[in-house]
Amino acid sequence: MNSFGRIFRINIFGESHGTLVGVCIDGCCRGIELGENDFLCDIQRRKSGKRGTTLRAEDDIPEIVSGVFNGFTTGAPITILFKNKNVNSDNYLQFKTQPRPSHSDFVAAKKFDGFNDYRGSGHFSGRLTLPLVAAGVIAKKIVSDIKINANIINVGNENDINETIEKAIADGDSAGGIIECVAKNIPIGLGEPFFDSVESQIAHLAFSIPAVKGIEFGAGFSAANMRGSQHNDMIINEYGKTATNNAGGVVGGITNGNDLIFRIAVKPAASIAKQQKTFNFEHKKISDLKIFGKHDACIALRIPVVVEAITAIALADFILLKK
Amino acid sequence: MNSFGRIFRINIFGESHGTLVGVCIDGCCRGIELGENDFLCDIQRRKSGKRGTTLRAEDDIPEIVSGVFNGFTTGAPITILFKNKNVNSDNYLQFKTQPRPSHSDFVAAKKFDGFNDYRGSGHFSGRLTLPLVAAGVIAKKIVSDIKINANIINVGNENDINETIEKAIADGDSAGGIIECVAKNIPIGLGEPFFDSVESQIAHLAFSIPAVKGIEFGAGFSAANMRGSQHNDMIINEYGKTATNNAGGVVGGITNGNDLIFRIAVKPAASIAKQQKTFNFEHKKISDLKIFGKHDACIALRIPVVVEAITAIALADFILLKK
Amino acid sequence: MNSFGRIFRINIFGESHGTLVGVCIDGCCRGIELGENDFLCDIQRRKSGKRGTTLRAEDDIPEIVSGVFNGFTTGAPITILFKNKNVNSDNYLQFKTQPRPSHSDFVAAKKFDGFNDYRGSGHFSGRLTLPLVAAGVIAKKIVSDIKINANIINVGNENDINETIEKAIADGDSAGGIIECVAKNIPIGLGEPFFDSVESQIAHLAFSIPAVKGIEFGAGFSAANMRGSQHNDMIINEYGKTATNNAGGVVGGITNGNDLIFRIAVKPAASIAKQQKTFNFEHKKISDLKIFGKHDACIALRIPVVVEAITAIALADFILLKK
Amino acid sequence: MNSFGRIFRINIFGESHGTLVGVCIDGCCRGIELGENDFLCDIQRRKSGKRGTTLRAEDDIPEIVSGVFNGFTTGAPITILFKNKNVNSDNYLQFKTQPRPSHSDFVAAKKFDGFNDYRGSGHFSGRLTLPLVAAGVIAKKIVSDIKINANIINVGNENDINETIEKAIADGDSAGGIIECVAKNIPIGLGEPFFDSVESQIAHLAFSIPAVKGIEFGAGFSAANMRGSQHNDMIINEYGKTATNNAGGVVGGITNGNDLIFRIAVKPAASIAKQQKTFNFEHKKISDLKIFGKHDACIALRIPVVVEAITAIALADFILLKK
C-alpha cells in the first residue's frame, strides 16, 4: 500500500508535521555513485518559495542512513530521511469539526476512526512527494540513458501562467494546471502484459500524487475523436520510428522506441484563503469556513519534478525486470 | 505481471488463437453462490456481433473447473476457462514482415524475440478481456451493494453514434469513443494510501484494457481549468454528501461516499480495412498494407462491460482489505 | 496464497476430485523448448502404483493450454492442466462428522465454514503436488546447469526400506521417512537478504508439500551440538570451495558455490486402514473410526521428485532475479 | 526481499556499523496504544552483555518517527529507528582478503561485487534482528490473546548450559543451541493454502534469522520414524483438542487450535577467538586466521525473543488476513 515496484521497490513513510518523512528503496543495484548532493537539484525544483507556492520553509536536507557505503550503493536497502522543521500545527484542529471541502480531512478521519495524524494532513500531505522525488533521483541514475522532462503546459487554461496565478492569489483562490512529461531515448520492449503495461504503472504512480485527477498518453482523450486511419502511426524505419506519435510511445502497453509522452491534470488546491461554506459536524449544519495557514495557490507548479520522479521509478523497475 | 490484486487476486492467461483463455482467482471468499449462468449476461454484453464489431463468432461458454463445489465458492482458487473455437489464423503471418501501425505486432515480436504467439495477437488480444469480464462477475457479487454502470457517452465526438459507426464502416475505417462509468452506493473509506488510491488501482486496471489511452476522475482534465472555489465540493450533510461532485467520489485517494465517476478514452482500433502505408521489414521500405480478416470498427462498443468488470475487481479488493 | 515467486511465479489450482488440477506460471522466459513429453519422466516418478502407494490410477497426462507456441515458450503465462479421472468420492462424507486425526478434514471445514470441497481432501490433497512437479520440470530447464537430486534416505528409521513398508502395509498402518536433496553446480550469490534467503524460500515451498514437518540445511539440527571450530567450513580455494560442508552450501542465506544440501522430514500419512479412535461430532463423543478407500502407506516414497521440483522453482526464481 | 508479509508488512533496513538500523511496518491497524516503553522489555531480552554474548554495548533506544500520534498507531506506516553508537570497524578490513569460514564475508563480497558494507557484516549482521524484535512487539499487540514463549532447550547438546558456555569461552570457541517456541491460545483456521501454510510462513521468517539451520514442527524429524497409528493425534472434543500434539498445532498447514510448537536449530557462531585456517585470497593459499573484536560465544542465547517476534509477525499477518 505504501510501497510500489517489483524489483526497484520504494516504501514511503512519515507525516507532514511529524518527526520526518522518508523513503526506503529495496532492490536498487549495487555500485551506483550516490551522495547527498545528487538530490539537491530535484529537491530545489520541488521546493516551495516561488510565487504561488506555500511559505512553509523547509531546508529539505536529505540524510542517507542506509544502503550507501564509501559513496556507492551497496545493494542493501537505501533509506533517506528528511526532518520536518518548519511546522505549525495550530490551524488544523478546526478541520476535525469542519473538514475542508475536497480535502482528505473527512475521509482520513472516517477511514482511520479519528486516529490519523491530522496535522498538516499527516500522511496524506503533499510533503510525501519529497521522498518520492528522492527515489526519483536514484531511479534516474538507473535509467540514465533516458532523458525525462516534465513541464507545466498551462495553468487554468491560460497561456500567461504568471498572470493567472497572480489573479488567483489576489482572489484568495487557487488554480489547476496541466503537466506534460516527455521521455526520450527509451528502449523498445519495456512494459509487461497483461496488467503491468507502461501506461498502467505510470498511471498507478501518477494518481498517488495528491491533486492528480487525470492522465492521458499520446493523443489521449482526443484519440477518442479520431478515425483509425488518422490515429495510426505509420512505422517509417526498421527501428520502429513512427511518422506521428499518437500512441505516445506505447503500443499494446509496451514501449515502441518513440518518445514516451503523457499529460496529467492537476486540480486546483483545496485549501484556499477565500471564505467557503461547508458542513460543520459539531453544529450539524452548513456554515462558513475560513482557512488560515500556508498553502499553495498553484500546487501544479511544484509537481513537474514529481512527475519526472514517478516516470523514472516506473521505468527503472521495467529496466531492471527486463535485465 | 499477469496477476493483479492483494486479496482478491486475478491471474489471466491464454492466447487469442490458442486452446483457450482463462482466469484463476485467488482470495475469493467462500460461500458465494456461483454457477455458469451467472456469467451469461455480462459475457453477452461483451460479445461481438453487433453492428460495428468483429464477425468472429465465439460461443464464450464459461467452464468453472476449480473453486466451486455444490454451487458455492469454496475459498480455494476459482478457475474459469473459455475455449477458443472460431479461429482463423491465415492472415497473421504477413504482420511478422509488415507489422500493423499502432498495433502490438512490432513490440511483441521485439520484446519476445519472435517467440510470441502472433496469431490473432496472441496474449495481447482483446480476447483476454473475456476472462476479465468473468472475474468482474464474481467481483460484482462481492461488492453487491454497489451498483456499477458503464456506458459509451460518445463515439468519434459525435452524438449520433450509429451514424458515425456506419460512416466508419463504409470507409473501411474505425472510430474511437469515450466510456463513462458510475458506481453508486460506495462506502466511505475505500482506497489505501500512499500508492493504492482508488484512482491508482482503477487506472492501473483500465490501462490493461487494450486501446485505452486516457482516464479521468470527476471533473478530470477540466479541473485543470478551474479555480479552487469552483472545484471544491461543499459537504452538505453528516454522511459526507457533497453539493457537487467534481472529485468523482474520490478525495485524497479515498472514497468519500459520493458516486464514483470516471471516464476513459478508447482509441480507434488499429486494424482497419482501408489501405495504409507502413514499413515492410523484409523489403526494408515503406509500402502499402492491406489488412484482411475480422476486426472491430468500433472496439469501444464492447468495452463498457469490461470497464464495469475492472471497477468491480478494484472495489472488491478494497472491500476485502477493509474487512 | 496459492501463488509463489517473484519473477518465476507459479499459481496452483484445482481439487483432488474436481474437474482438474493445474498450474499457471507467470514470468517464465521466452524461447525454452517445451512439449508434453518433457513432463513424463518426473510425472512418472511421482505416480502412485509402486508398492506402498495408493491404488488410485490416474494417467496424469499434461495439457499445455497456454504460453507455448510452435514448441517453445512465448513469454506469456504457461498453463498446464491435468484432468482428474479415477475419482471415487463415496468414502469422504463420513469425515464431515468424524474428521480423520491429523488430517485436514477438521481445519478445512472450520476455516471455510463447511463450503470446502471435502472429496479426496479437495484443495488440500497431495494431488496438488502434481502441478508442482510440472512447474518443477520447467524450472529445471531454467536452471539447467544445476543438477538436483532428491532421495529417500530412510523410512521409519530403518535401513531396509522395503521391509519397513511391507510391515506397515501388513499392519494397516503407514510409515514416515526422510528425504535428502542435493543440488550440484550452483552459482555463488543466489539468495536475497534479509527475508529471502535460500533457506527461507526453499523451506517456504517445502512446507507447502503435505506431510512435511521439518527441514534442515547442511549439518542442520546436529549443528546445535557442535562447536564453532568443528562446524566452520574452511575455505580451500579461490572459488570458495570448502573442506567440509556443514553449511549445506548456504552461508548468510546466500549460496557459496558448494553443494546445496538439505533434508526434510515426512510424517506417516494420516489415512490408515487400521482402526482408530477419534471424536465424532454428530454423537459428540470419541468413537471408532475405520478409513476405507485408496491411500498411501508411505507417502514419502512419492515426494523426492516433488522436493526436486520445489528446489528448482526456488532456484529458478533466484537465477532470474540475479539476471 | 527486505520486506515480508501481506497485510502486516515489515521492511528492514540498515547496517551494523552504519548510521542506524530500523524497520518500517505497513498495514498495522490504527488505534493500538504504542510508546517507546513498550519495546524495552523485549529489547532487553535480546541485548548482549550476558555471559556468553558480545561486549558491544548499545543502548538500543527505539525512536518512533512515523505512524504514531498521541500515543496510538494511526494506520500509516510505523517507522522505528535504532542508532548505532558503539561501533568499532577496525578489525573488519582483514576479512576482505581472508573471509571468515562459514561467515557471510565471502558470499556478500561476491554477490555485491565488493560494494557491500563489510563493517560488522553490514546488512548481514545479527544486529538486524533488533528491528525484527521491534516489529514483534507490535505484532504481539495485534495477537494479544495468543501467548508466545520461546526458550533455549539445550546448548551443545548439554543440560548444564552455563557450564557448556564457560567451556566454550575458555577454549575461545562458540556453541550452538536449540530453541523451542510454544504459542498458546491460537484460533483455529490460521494459515492459507497452498503456499502460505503456518509452517511455511514461520519457517520463511525463521531462516531469515542469522545462524538458524533447521526447523521442525511438533514431532518434527522424529515423525519420520513413527507409524501413522502412533503419530496421529486423536481429537477428543468438539473444539478440536487432541490427546497428543505430534502435529505441533498445525494440520494441513492450518492451525487446529492446539498449541503451536516448533523448534529451531542454531549453529555455533562463526566468529571465534580460537585460531583457524582458511583461504587467504591475497596470498592465494590457506593460512592462519585469528579473529579479534567482540563476538558472541553462544548467539543462541540472544535468539529466543527473536523467535517470539517472528512468530508474532507471522500470526499477526494471518489474523489480519482472516479478518
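Lettered A, B, C and D in written order, each chain numbered from 1.
The definition used in the following text is that contacts are C-beta pairs under 8 Å (C-beta built on N, C-alpha and C of every residue); 3 or more make two chains touch, one makes a residue touch a chain.
Just so we're clear, the structure is a prediction, and the values are computed from it rather than from any experiment.
Asks: Could you run down the chains that neighbour subunit A and subunit B together?
Replies: C, D
Asks: Select the interface copy of A-B from among A-D, A-C or C-D: the correct pair shares over half of its contact pairs, counted by residue number.
Replies: Comparing residue numbers across A-D, A-C or C-D, the repeat of A-B turns out to be C-D.
Asks: Count the C-beta pairs in contact for B-D and for B-C, then report the pair with the higher count.
Replies: More contacting C-beta pairs are found at B-C.
Asks: Subunit C to subunit D: how many Å between their CA centres?
Replies: 26
Asks: Could you grab the centroid distance between subunit B and subunit C? Build each centroid from C-alpha atoms only and quote it in angstrom.
Replies: It comes to 38 Å between the two C-alpha centres.
Asks: On a C-alpha centroid basis, what's the spacing between subunit B and subunit D, in Å?
Replies: Going by mean C-alpha positions, subunit B sits 45 Å from subunit D.
Asks: Indicate the residues of subunit A shared as contacts by at least two other chains.
Replies: 1-3, 12, 76, 111, 123, 193
Asks: How about subunit B: which of its residues touch subunit C in the complex?
Replies: 1-3, 9, 11-15, 18-22, 24, 26-27, 30-31, 63, 65-67, 69, 72-79, 81, 111-113, 115-117, 119, 122-123
Asks: State the interface residues of subunit D toward subunit B in the complex, per the touch definition above.
Replies: On the subunit D side, the touching residues are 6-7, 76, 193, 321, 323.
Asks: Show which residues of subunit C lie in contact with subunit D when the two form their complex.
Replies: 1-4, 12, 99-104, 106-108, 110-111, 121, 123-124, 128, 154-157, 168, 171, 173-178, 188-189, 191-197, 199-201, 203-208, 210, 212-238, 240, 242, 246-248, 251-256, 265-272, 274, 276-279, 281, 284, 286, 300
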